Amino acid sequence: MAYEKKHAEHAHAAHAHGEEHFREKHLMLDPLPRGQMNDMVMESMMEKPTWKFWVVIAILSAIVAYGLVYSWAKMIAEGLGIAGVNRPAYWGIFLVNTVFWIGISHAGTFISAILRVFKAEFRRPFTRAAELMTTFGLVQAGFSIFMHMGRVWLSYWLMPYPNQRMLWPNLHSPLTWDLLAITTYLLSSTMYLFLPLIPDLAMARDRSTGWRKNFYKILALGFRGTEGEWTHLRNAMNIFAFAIIPVMFSVHTIVSWDFAAATRPGWSSTIFGPYFVVGALHSGMGAVIVVLAVIRATMKHMKYFIRAEHFDAIGKLMLIISMAWAYFFFNDYMVQWYGGDKWTKQLLHFHEAGPMGWMWFAMLIFNIVIPWAILWNPKWRSTPWLVSIVGILINVGMWFERYIIIPVSLTINRMPFTWRLYKPGVEIPLGLGTLAFFILLYMIASKLIPLIPVWEVQEGQMAHELKKFGRETVVTVSELE
Amino acid sequence: MIKRIFDWLKQPLGLIAVGIAVLALFSLAAYGIYTTQQPPEQPIQFPHQTHVAFGIQCLYCHPGAAKGPAAGIPSQAKCWGCHNQIAKTQTSLLLAPLKDAVTSGTPIEWVPVAQVPDFVQFNHRAHIAAGKNCEDCHGDMSKVTIAQNPQVFNMGWCLNCHVETAGQDHEKLVKLSDCGTCHY
Amino acid sequence: MSEQFSRRDFLKLAGVGAATTAILTGCGPASRYVKREPYMQMPEYNYNGQSTYYATTCRECAAGCGLVVRTSQGRAIKTEGNANHPLNLGKTCARGQATLQGLYNPDRVTNPMKRASRGADSTQAMDWEAAIQAVADALKNNKPEEIAFLMGMAPDHLFDLVTDLAKATGMNAPVRFGALGMFDARATLSKAAENLFGQASLPFFDVGGAQVVFSFGANFLETWLSPVSYTRGFAGLREAQTKQRGKFVQFESRMSMTGGKADEWLPLRPGTEALVALAIGRLAAEILGGSMPRVFASVDPKDAATKSGIKLETLEHLAEMFASSNGALAIPGGAALGQSNGLAVAEAVLALNALSGNFGKPGGVYLSALAPNQTEYNRPASAREMQALVQNMFDGKIKVLFVHGVNPLFELPASLEFGGASKYVSQIISFASFPDETAREADFIFPDHHGLESWGYQRVATGSAQPVLSGAQPVVSPYYNTRATADVLIAAAQLAGGSFAAALPFKDEVEFLQSKIASLMSEADGSISGPDIATFMAYFQQHGGYWKLTDGRGAPSAEDMLNRTIAAEEAEFAGEGEFFFVPFVSPTLAEAGANKPWLQELADPTTTVMWNTWVEMNSETAHELGIENDDMVKIVSEAGELEAPVYVYPAIRPDTIAMPFGQGHTAFGRYAEGRGVNPADLLGSHFNEAGDLAFAGMKVKVTKTGEKKLLSRLESVMGVYGIGLGEEK
Amino acid sequence: MATLADLKISEVKLSEEQTGKWGMVIDQDICTGCQACVAACAMENNLSFVGEVDSGYGRSMHWIRIERFWEGAYPEVKMTPNQPMMCQQCGSAPCEPVCPAYATMHSQAEQLNLQVYNRCVGTRYCANNCPYQVRSFNWRDYERPEPLSNQLNPDVTVRRRGVMEKCTFCIQRIHKAQDKAKSEGREVVDGEFTTACAQACPANAITFGRVDDPESLVSQLAHRGHGVKHLEELGALPSVTYFKGG
């Protein structure tokens, strides 16, 4: 990266100490002129797509058209019989996908809100990428849960609205809460995605022409960058950052209640709430790192914004979350096993030794063994392709975990006469459809909105400097405002 | 291209066109709802008011209402019991279908007017026994020709009356507001 | 035409389609334009929306249970048992319940039809005038002895009608046959009764009154003789609150549904039933003291133990149980009789009853009550008699074959070659309601009404203490252009003239029925009586039949029974192979249930398999042969071969395989056709002394084909057998 | 807008004393497993048949099934007493609180677990949570070719795809009997009517009636001793008592 240093007006900290490798390593210490950075972001977004981009779009659209539109229409018309759900596995991959996508969506909030609240500065260049995952992931979760319903055309009955039949949704049911929680989360995360986007949209508005200018003009809500506007924006973002954290925790906790509140062996576990939250973060962080690696590899100028230090930082988080997940898994397993209920014991045995035993072991390897083996090494965890493989494996492992909790555990119940394996049917195209739609939305978004919150990066760069404490050089941040 | 369309729509003529389109859509929807609430076409333009005016009781032709779930449509034999003694039957154009049906032995295909969906188990007897009169639900038949519903038979309407009927009687309320009373 | 007969007219199928549409569409705008047709003439006793109940007789098997059918708006909605009927006391079996799926089956024969040529698929619809003319021609243009009637097993009014016709004209007497009778081994039972009691009869075993019941192969809870009545008897045996809980021991090589209810289930080597029965008799006689009856004297219990594979101690313990109960009951039946020594088995088991002295006592053996208008037991044809008929067909002695209520091409073993013989019959006229295998071969199909659309009566052959003549009446008007076979025959006989017309001087079926039951009108001990035939007939239909109020069962004489000698030899088995082959009648489908979708979907009581045929194989044997569940195996007997998937069954002898009979139709409607295989294809034409087919007397070879066919089971293989749960359960 | 909950309908008593109203006693010792009850139920309640593939995949619509297991190994193998298993009409049913739409709810009047087909949106949560696994889901619109639909019982709703269904204790017969009794100005007499399964059972292994009436046959049988309620430890207060016998 040969950037001309004389243009780096705000890089006084780096100048002062002259620590070259620190600057290369840390985005915050490697400032570029504001205009140039804005141009880089605009360029990466406006870059004329190559034929490869269109091919990928076409393939994804085809998958969405077949998997999501056609298959779903067919399933609505013919009934859930074309899926693989049966007695006793009444819930199948649809619910697995729902939990999975909600899990994915946790990463955005975690990175954006929690790290913002805790002022983890490395978050700055990729909060937007993570928040987009939240919103788009929730869209897929919504699709998945609606697919799951036998009569999806009546799903509005789950919403509390006054009606002359004097009927309300049943507030005893975890599913009702689930729906409310997911809706709340979708709305709040969309707003939380939008708020920090406003200055960037204003920036894009000022630097574009034609329909894009109109588009950004509408979305930027007339943001001009006055002091008052910035103050309001910061306040709003602060409120949201704090408010969305309990929402995020509640969503996956309530999702876990769908299982924990049921009278089934293997499900009624009090630890499911935090276990699910940690599981969600586990898959979410894995997904974030994959997305970052892809963005970095495919989009222009991204190597400037997303650096090894970010992979390193997320890698550390992944390692910690993996450990937390392992702890919860062990705790859950231990108590279930210790409980000694004959059906639960049967179920645990079935998990390990039954026909889906391979999945159980794969889950442990992908979720624990591989992250631990790779992420402890700073060099390895700073290698984008390696961590993104770990990220993919964690996601596979977490999908397996949900698969084991839902259809595999449903196989075993208190009526051995009804035990039966679950074989997916139309769930596979539908599931792939949601995945393709997620990627498609992301690709379209990458061409429409700035993926890098450039104002946040600039803000960070202004506030950072290197300080020497004895022999150690440390990156410090001075409080803004 | 898109811009040109937008520009055109923004001018007064365009706005009027949009207004008309919206109005047309609304009226279509309203008309659709309206048609579902209209008395259907019947094979015979049966004049209820004439029969009521002769002093014929509802239960004479629809005796099932007092005995069981369905009020029933009278058999052709019952129609003919009176009508073959009425000279007008032979000449009236309106009554030709009845004459044809009886002589040819083909049943008349009536179109039911007061209907509840099949997931509602309605029992006339219980309602008559509870002191309801036919006209409470079916309207005043002395004023209509072909039967038509004075209101939409939906759950809110049913439930309203059930709750009112129960009043302060708790046991009755339990029974009358139980899902299983009508749905099974 | 009688008063009752005109009911047909006003049972106009009013608004059938309309009501269905209303049910199916729900409340959308479309349903506002549903049409409803009122009755042309409202039956006085009927109100819209209210059900009318008619008593009739179940025609699903030959037992003759009374039904009450709920009808609504001219549609039959539900069959229920007739609570007053002495045979079934308001109860039904699964097949009785599913009768309606036969009545409203989408694959019924809708019209009289003529086949383009023998065996061709294409048929031509006829009108009934032409059909009657065709029957009349067939009667008139052939010598009477060249005309044969093959009928179902039920001793019903049509059988009486044809018998009368045959007697008057010199036609061959009608032959009644059914696979159920073959698998029940009715001829053997009746022959044994004749040999021992001097009177051909179906013995009646009063299970309900007994304290200890030993059943040798009798599947009396399934399809044997009169399952509903015997099931009630079984409940009586077990009713703990009224008396001590009765004990039940079953001897059979493969656990049947009946065997599953036994306190002790003893898998003996097929063919050793007689030996075991006599050995138990000998041991029991020793315990009881006194002189050793001659019949048991020659048997060596040790030898019996070795040959049968039942331990001597077990035999001793069973003998103790048998002897200590006052009047223990022993029942012979099913596969035990369908062997080369079947008659000896029946006699040996009846001799056990003689030892316990239960003849004519509650909980013992009776002779079945003869029906009120019956003078002697008239059993259905045995397989050997069917073979004689087939031989006559081959020899060209039969020019016209009328087939009603039976499907010999499916029910008879292929080795009897009914299909081959039918080619030598110039005209086959079928009265089948369904396009079954035999109807497909027939030149004409003149469909009879479904049982619920027809008049009639049926004699109850066994199962009830009182003599019963079960009455049938149409509960709905005929759905299709069908006509009662009795009406067709009466009309054709009139047309044929001569002795035919003289034999059936009736206007229609109902008049014939009246003539047949008129003699019962004023009997003192009857359940109903009437001043005139019209009134009596009305009561007869209303009550679902006529029965005596007294016990009509006979007490067999036990004299000399214990002084006979019964050859205690083992049965001989035909064919080479390592496995005994036990075909059994599917308890849910029986011989003609395969076209009813809900019967197909009922789980088999022992294996819970639905919609298919399976081969039961012992777990150990399967393991040795490397066979798993759902592996297709090829079974070869001397008579044929077939392939079917294996059900690894824990309760079958390792040297035995078993298959249900009921599937494997090549015709018979969409639900039956091409589903499963017919084990009758494996049966050779070997008979026991009484003429019954030795259906359980085959040995077969079994080889794995390498293919798999997933059996549809209600049960979980994982939950019930622990397969697929991981290594140790 | 008022709700049904506002109408102050008494809460279900979740105490052990709750007796329920309708109940069943099943004598497994005399149940022969003949499937007559299953067929009778299918005919009475308009059950769909699903065909070979679906029924083998755990999608059969049996509202009542007969379970049997094996004990011991050949030759000492025994079939366990047949266990007819249908909705146990729990007093404190696990299926009820989990339905988000109140499609499965407790009938206060009849003390039964209702399944309101027209309110069901098909989340299948109730079926997951049913410890007895007795609920069937309409996975498809199962075909019932003409004229098979003629035998449909007009008193029972025909279900379409996407809704849950289960044994109702023949609630249509309960209503019919009550209606008849009321029109004659009397109470329903014990034994006046029964469920389709109990009516068909050739062995009389199933007895149905009022468990809150100590005089009724079913109460007397239920208090005969040594009866068990299946999975009683879950506290769902099932209404069906089983006698294993033997």
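In this document, chain identifiers A, B, C and D correspond to the written order of the chains, with residue numbering beginning at 1 in each.
Here is the rule we go by: a contact is a pair of C-beta atoms (placed from the backbone, for glycine too) under 8 Å apart; a residue touches a chain by one contact, two chains touch by 3 or more.
All figures in this text were calculated on a predicted structure; none of them were measured in a lab.
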| item | value |
| --- | --- |
| Identity of the most central chain, Cα criterion | D |
| Rounded Å distance, subunit A centre to subunit C centre (Cα mean) | 66 |
| Centre-to-centre distance between subunit D and subunit B (centres being mean Cα positions), rounded to whole Å | 36 |
| Averaged-CA centre spacing for the pair subunit D and subunit A, given as whole angstrom | 45 |
| Geometric centre distance via CA averages, subunit C-subunit B, whole Å | 52 |
| Overlap residues in subunit B, where contacts from two or more other chains coincide | 117-119 |
| Of all residues in subunit A, the ones touching two or more other chains | 163-164, 166, 415-418, 420 |
| Multi-chain contact residues (two or more partners), subunit C | 23-24, 49, 714-715, 720 |
| Overall pattern in which the protein chains touch one another (line/ring/star/complete/other) | complete |
| Subunit A - residues contacting subunit B, complex | 163-166 |
| Touching residues on subunit D, where the partner in the complex is subunit B | 4, 7-10, 102, 105, 107-110, 112, 114, 116-119, 155-158, 168, 171-172, 175, 179, 182-183 |
| Complex contacts: residues of subunit C adjacent to subunit A | 714-716, 718-720, 724-727, 729 |
| Subunit A-touching residues of subunit D, taken from the complex the two chains share | 1-5, 54, 57-59, 65, 67, 69, 85, 94, 97-102, 105, 119-125, 127-129, 131-133, 135-141, 161-164, 231, 234, 236 |
| Touch list for subunit A against partner subunit D, complex | 78-82, 85-91, 148-152, 154-155, 157-158, 162-164, 166-170, 172-176, 179, 258, 261-264, 410, 413-418, 420, 423 |
